[in-house]
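As written, the chain order gives the labels A, B and C, with residue 1 at the start of each chain.
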C-alpha cells in the first residue's frame, strides 16, 4: 500500500484570533493585569457557565415607563442586606442569656468602637425596612401588579412581609430592657389566645410555662438563624420570578405596536 | 381573566418590554441611587437617634407601662378598641389572621384584567381604606398616654387665679392619676375610653358638689372614694377641685 | 385503539413485563421509585424529627414550683394588699422573679370556701388580658392594668375592660408563723380553681376546653 502523506496539522487550533488593536499582545503592566482578569473570569465561566445567567438577569429589558416606584423592592432588599451585615457583627458581642444580655448591649453601646452606631443602624434599619416593604406592597397593590402572571410572586411577597414582622418582633426582645421584656410577654400571650393550639404555641415560644433561662436564646435563634434563612431563600425565589416574568409597566402606559409592525398590518388588510 | 385576556396581556407586555431599556445599567442605576438614599436615612437615624436602651427588664415592676415598637401600634390599638372580653381572641388572633388570609389570597379573588387603579374602584377604595385605618390606629396608639399619668394643660381661668390655684390643680391632677381614675375614664389624651364616661370636661357638666357626692356614693362598678375623703380630706378636696376645673 | 380501553391487569405477567413471574403485581421500576422516595423521606425524618422533639421538649416537662416563704403572719392584714417578690424561675436572676399581692382571707370579701390553701390570698400581678403588669391602687380599691385598660376589683374579679378572667392566684399555706407561697393557679369568674392558663385564655363556659391545661403546670390535685 502506498503510504499517503498525512495533511499537515492546522496550526494550533486552540489559540483564539488576536483581539483587534492588540496584535502585539498585551502591552505594559496594565494590559497584563487586564489579560489576567479576563483569563480568571474565563476560567470560572468555563466551569460554571454563569455568564449566561448573568446576561439573562442583567440585560433583560424593563418595560417602557419604569419609574422610581420600581426601586422600592430593591431598596427593601438592600435594607435587608444592611440588617444582615450589621446583625452578624452585633452577634459577635451579644450574649443571649437572661442575666447577661442587657449588660452585653450596654457594653456594645458604651465600650465598643462604633458600637452604638452599628446598633443604631440595626435598630433603625428595621424600621426603614418595615416602611419600605409596606410601600413596595402598596405599589404592587395599586398598580395591579399582583395579577396574572405574577400571582405566585405576590404570595411569596406576603410571606416575606410576615417574616419581616416576625423579625422585628423577635428582635426587640434581645436588648432585654423593660420595653423588650413586656412587649415579648404580650406578644407570646397573643399567640396563646389561639384556641386549642395557642397554649402549646406560647409554651413553645417561651420554652416552658414562664419566661425562663432558654427563652432568650430561643428568640435569638429564631431571629438570627431561622427567619433570616427563610427570608433569604424566599427573596431569591422572588427575584428569580421577577427576572423571569419581568417587572410590570405602570398601568397607565399603553402598549403601541411599533411603526413597522403597524405598516405590515395595513398591507395585510388591503 | 379568561384565556383571551391573558394572551392580550402577554402580547401588550411583550410590546412594552421590547420598547424598554435594559435592566443593566438603566434600572440598576436608579436602584443604586435609591439604595444610597436608604443607607443615608438609616445612618442619619443611627447618628441622630442613637440606640438608647431603656431600664433593664424587671418582671417585678408594677408601675411600668408597656408600649410596643411604633409599627405594632395599630395592632396594640386594635386590642384597646375591641373591649368585650368575649371578643379578645378575635382582636388578638382572629382579625389579624383573617386580614392575612385575605392578603395572601388577593390575586385569587381579584382576577379582573384591569390594572389601572382608577378603573378598579372596589380594590382601590379597599386599599385606601386599609391604609387610612392602619394610619389612624397607629396615630391613636402613638397618642395614647399611660393611664397612670394625666397631662392636661392648665385652664386659663385657673392660671389667672394665681399660683396657689395652679399648685392645687397640679396636686389634684396627681391624686387623680395615682388613684387610677384613668383606668376607666378618659382625660384628654390620657386614660381609657370606658367603662366610665370621659371626664375631659366633667366640670362643665357637673358642679363640684355633685362630683363630690358621686365620688363618695358612686353607682357600680365605680369604687367609692369615701376612704380617701376620711383619711386625707386635703387630697380628696384637691381631687374634687381638679375635676371641677375640667371645663 | 380499542385495546387501550381494556382495564390493565394488575399482574405483571399479564402485562408481559420482562422477567415477571406468576402473581407478581409490582414492577421493578415502581419498587425502585418507591424505595428512592422512602429512603429520602427516612433520611430527612432522621434529622427533622429529633430536632423538633428537642425544641418542643419543654412543653411536656413538668416544672417544679417550690414553696417559698414570703413573710411572717403579722406582716399581712385582711383589708389591703402587701406586695412581695417571689422567684418563679431559678437561676436567671431578676428575670425569673415576679410580684405577688398578699392579704389575709377576709370573710366579708372572699366568697369561696376556706381551705388549707387560701388562709392568705396571693394574687398574681399579670393582667389576664395579655400579661401586662397590674398595680393595686389603694384609693380606688382596684387592680389597674396600664396597657389596654383592664380593671379588677379587690378580690381580683374583672370590673372593666377586656380581661377574660379574674387575676391568677397562688396557693398559700402556713408553716409555723410564716406564710409560704406555692404553685400558681387560674380561677374562673366564680373563683373556682383551674390548672394555670396563660393570660387571654377564658375559663368560663367552653373556655376551659378551648384552652386546655398543659402538662408543664397543673393545679394541686383535689383543690
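Heads up, the rule we're going with is that a contact is a pair of C-beta atoms (placed from the backbone, for glycine too) under 8 Å apart; a residue touches a chain by one contact, two chains touch by 3 or more.
Predicted model only: the values in this text are computed from it and were never measured.
Engineer: Closest chain to the overall C-alpha centroid, by per-chain C-alpha centroid: which is it?
Structural biologist: Measuring from the global C-alpha mean, the nearest chain centre belongs to B.
Engineer: Based on the averaged CA atom positions, which chain is farthest from subunit C?
Structural biologist: A
Engineer: Is the number of contacting C-beta pairs greater for A-C or for A-B?
Structural biologist: If we tally the contacting C-beta pairs, A-B comes out ahead.
Engineer: Would you kindly tell me how far, in whole Å, the mean C-alpha position of subunit B lies from that of subunit A?
Structural biologist: 33
Engineer: How big is the gap, in whole Å, between where the Cα atoms of subunit A centre and where those of subunit C centre?
Structural biologist: Centre separation, subunit A to subunit C: 38 Å.
Engineer: Which subunit B residues touch at least two other chains?
Structural biologist: Residue numbers touching two or more other chains: 56-59, 61, 64, 66, 88-89, 92.
Engineer: Give the residues of subunit C that touch two or more other chains, as numbers and ranges in rising order.
Structural biologist: Where subunit C meets two or more other chains at a single residue, that happens at 95-96, 130, 132-133, 147, 200.
Engineer: Of all residues in subunit A, which are in touch with two or more distinct other chains?
Structural biologist: 176, 181-182, 185-186, 190, 193, 195, 198, 211 - these are the residues of subunit A that touch more than one other chain.
Engineer: Which of the residues in subunit A end up touching subunit B in this complex?
Structural biologist: Touching subunit B: residues 57-66, 68, 70-72, 74-75, 78-79, 82, 102, 105-106, 109, 116-125, 127-128, 130, 132, 138, 141-151, 154-155, 158-159, 161-162, 165, 168-169, 172, 175-183, 185-186, 190-191, 193-195, 198, 211, 246-249, 251-253, 255-258 of subunit A.
Engineer: If you look only at subunit B, which of its residues touch subunit C in the complex?
Structural biologist: Listed in rising order, the residues of subunit B that touch subunit C are 56-66, 76, 79-80, 82-89, 91-92, 146-148, 175, 178-181, 183-184, 192, 194-196, 221, 223, 225, 227-228.
Engineer: Which of the residues in subunit C end up touching subunit B in this complex?
Structural biologist: It comes out as residues 83, 85, 94-99, 125, 129-130, 132-137, 139-142, 144-151, 153, 158-165, 200, 202.
Engineer: Can you list the subunit C residues touching subunit A in their complex?
Structural biologist: 55-56, 58-59, 61, 63, 88-89, 91-93, 95-96, 126, 130-133, 147, 196-201, 210-214, 216-217
Engineer: For a test of understanding, state which residues of subunit B touch subunit A in their complex under the given definition.
Structural biologist: 1, 6, 9-13, 15-24, 26-28, 30-31, 33-35, 37-39, 41-43, 45-47, 49-51, 53-59, 61, 64, 66-72, 88-89, 92-93, 100, 103-104, 106-108, 110-117, 120, 123-124, 127, 131
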